[in-house]
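Naming follows writing order (A, B, C, D, E and F), and every chain is counted from residue 1.
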């Protein structure tokens, strides 16, 4: 099996940093690439959404959101009891895995396109919808169980839901994905046509550059593996497999095609490293951000890119056309 | 040159704190602030600004000694347990004391 | 009437910032986008210019420049006497409205292209030519009347025309527009062909991103509306309508097509927020930059994007083929 | 460590002033300067560096006390009325006094 | 506010030195450092950061006086002959002396 | 003869800076453009490399590398004895001229493409291979002869070859060129196809922007010409002519086509200003970086862009089909 070339860019970045190259992407480029990817994925989804009857899409969307909210509830007890993490860390990591990784999704799409597997083109809608619920549930878990368990320095007052909702729903990734969806939906294919060389033509190349950067970032965190310990490394491999299978099953149950179910599996299996870290840092400051980042970005992300995506596709194929 | 003594409070910390630090500085009486993007390292490891989670800022506040104390004690109490933050205070002379 | 999708990006940026989202474009991206737009517009104009006889273009160009120089003379008395602004502020704002907004022009072009209205393709030449005269006249107004009227701290010496000319003619927007024109004119369509995927293919998408950023910037200035007061807000709506009509008339008088006259109206109606603010800050330091920016960027720019451009087009249609 | 006392003059202001401040600092005898891009807020409102008109810089000049006085008084007289500028001076020790 | 005196060592120099300065600072006992990208000018000419060879950094180290001496003397001996480097030291007060 | 339009961008940048315009490209854009160019050239070369038998390519590659290693040995004595430079400066400059300029190569390719001259498409491989040897030989020269000749403040210990090799082979330009080659070779044309709008479609436009920036940078160094003195200015013109001719000859000897020999001449004639300055600054700190940059970037680079490339092509034409 040949690796998708975008993954080679990840490996190049990883190797460069691992061997201590002085290659660095300017921070402004990193931000630009991530803004571009979020917006382009949203636009793509919005354009496709306009073509489909809401009656089909809405139940699937509701199922995807519900799944995103439930996944942290599975992850949390494992982290707490098997991994013996404190309540804050367990809740934060669970929230990262409830949310989704936009870039893993994009690589999943590229995987299907290369194999000419069809999928529901409005899948980017689910990316936008699944970003938030997992994070919210993670925060709730921290508030409910964490406060008793951990040595909180502060007497924590009642949760400021308004501020929190603001933090999450107006975070850059939700705004760009959601805004892109809305613009794409409103403008339609013909409206976006003049912008398609930028937003659609360059997409794959920009994804490659972003993966180069993510390789650099992931390799820079290798030193933190020790701090994460073997449990979290195992967690970072096993969770996506389980969640990926759940995602495929939910996809099947809601009538998605093989390709669509694969992508729902990819979303379930992926862990957020744009929206979730930012939100968690504010909402659960007691959680150690190193642990969630090493697990999500250092373990699960490369696992999904290389082994996970083909695996979820295989599961979808066998499940849906057995 | 007719100068007046003030304090310069410098706060170095995670980018995630920026809006809170600005809000707090104003609340405790600072009339202004200046922020630069930085990278660095300390007891919480290396923060290379290679990625949004590792961005850091350096915030300067010129103010009266009481304001500097109030801000820095607030930061110590509220953020230092859970966030990467460094702080120091130094003496400066300004020309227009009413401004700061 | 459906909004041009590029304007949806402006609205997205505006809404994001209005609701206090943490979405931010890196400053280096803002600068890159503006450099790109100026250069691409210049190149486009230069390529087209090479195709047209100078005998047709020169009189039109001269008329456009003369108009740019006269418009501040209309704006200034209104600002001074109706608006009761001091001489510096009145002169500075008048200069902003004498100059032009490159991005408003680009949105005007996009409006015409979408409606398949033809226009003189060398119109970008007028953008370059109309940038400067309004600014110069604004500065002259400040020097002549401002010094008596305002509490200048400094005994202001004679005007340093050399330094001022340098400041204006070698500002980045004149250099990029003018340089682009020259390169486009010299290289011709075939010479620029290999660069067209970057400079022409991506143009509309880059414009969308820039408008996203301008939405963020405009909304950030909402708090300054109070300082501007109702007069300036009204000024920011009425002036473009009057100036737009004047521009269309001048366009008709010099023999432009309906599309060309529309674009000359757009240029007349638009207020600069790249070249003028930079030049005014140095040349008329006593003027309060908040006033001109709120009016030009917070009022006139969104007005032109949404209502102004269609209006000038309507005026042109009725005037030229009544 | 054999150190020598000098002054550090810090000027925070609009980006539009950069070239003038460099020219003036040299004219009044500074041997060098260092500039960083910053954002901030003060009596003239918030300057977020989101757009070219709101870019700010922070300029450091290590120099003799007389030079610091001359520069800062010049800036006070010429720019502070119309531009956003903050200034302060502090004492520093350098190893190579002839350099500054 | 219960503060403790420390030294702030500031090093301004070519970007090429960044990794060596970090390594040296740690070796001589600094517990952390903060770096900002800057531009500037001095005896080696103008460094505008327009191009990778003209990038400069400003590095801050809060530390004990002996550490500041050790680092700055090391830098003076090893880099100042061949690289553009400026250094100064100033007194600062910190709240958590064990951190620096 | 019409100038290639990309060179007009260089001239625009040069003129803007020369007349003290405030046009500046953000540093992050400069870095992004250089990362892009290195990666794109590597990818292109890798794709083409996969199509050719190694038996043809290997001897040519070996000859190119050997040439790169020998050129500094020619430059060094001239710099030392005719130019009376100290050992460090002579060795450093010699190393810059042994290595290559990626952008000069790209302009050379553009020159040939415009004239429809065919060349071996795997030439980018030689760019990657010729970056390093010249630098290494330059460093060796400094270590062997420099230490005796110059007033070294430090008792310099034995050369730390490990650290040095690391510095050179893991510098960003080698990593990006080499990594691009490997990815291109591995993924092949079909694998890179979805990324080609970014990496190949935009190439020429990005090159133009980079040349705009190089014009600004080169003009900013005009003040250093005095420090360089007439010898180095002459050296910056004569060396590329000699080295260019050598490169063409080596190309001919190893069986390259006219186009390929032209490009090998361009590589030999060009002087590095990305990899070499960074490596030399660390490896030969005693050398004055101003001298090598003024000569390489201020003299040789513009000479090659305008007169050099056509000249080497002419030499190749006359030599190979006399």
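FYI, a residue touches a chain if its C-beta (ideal position, glycine included) is under 8 Å from a C-beta of that chain, and two chains touch if they have at least 3 such contacts.
The shown structure was predicted, so the numbers you read here are calculated from the model rather than taken from an experiment.
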| item | value |
| --- | --- |
| Shortest walk length in steps over touching chains, subunit A through to subunit D | 2 |
| Any chain that touches subunit F and subunit B | A, E |
| Chain located farthest away, centre of subunit A as origin (C-alpha) | D |
| Superposition of subunit C upon subunit F: rotation angle, C-alpha, nearest 5 degrees | 120 |
| Distance-maximising chain from subunit B - centres being C-alpha averages | F |
| Where subunit D and subunit F are represented by their mean Cα positions, the distance between them in whole Å | 39 |
| Centre-of-Cα separation between subunit E and subunit D, whole angstrom | 19 |
| Of all residues in subunit E, the ones touching two or more other chains | 36-37, 90-91 |
| For subunit A, residues that touch 2 or more chains besides their own | 22, 24-28, 31, 197, 201-202, 278 |
| Pairs of chains found to touch, sorted by chain label | A-B, A-C, A-F, B-D, B-E, C-D, C-F, D-E, E-F |
| Subunit D contact footprint on subunit B (complex, rising order) | 1, 3, 6, 8, 22, 31-36, 60, 62, 90-96, 99-100 |
| Interfacial residue positions of subunit F with respect to subunit C in the complex | 2, 4-6, 8-9, 12, 15-16, 19-29, 110, 113, 197, 201-202, 204-206, 208-209 |
| Contacting residues of subunit A [partner subunit B, same complex] | 24-25, 27, 30-31, 34, 153-154, 213, 216-217, 220, 224, 273-274, 277-278, 281-282, 285-286, 289-290, 293 |
| Residues of subunit B defined as touching subunit A within the complex | 14, 16, 37, 45, 48-53, 55, 77-79, 81-83 |
| Footprint of subunit E on subunit B - complex, ascending | 10, 12, 36-43, 56, 58, 68-69, 72-73, 76, 80, 86-91 |
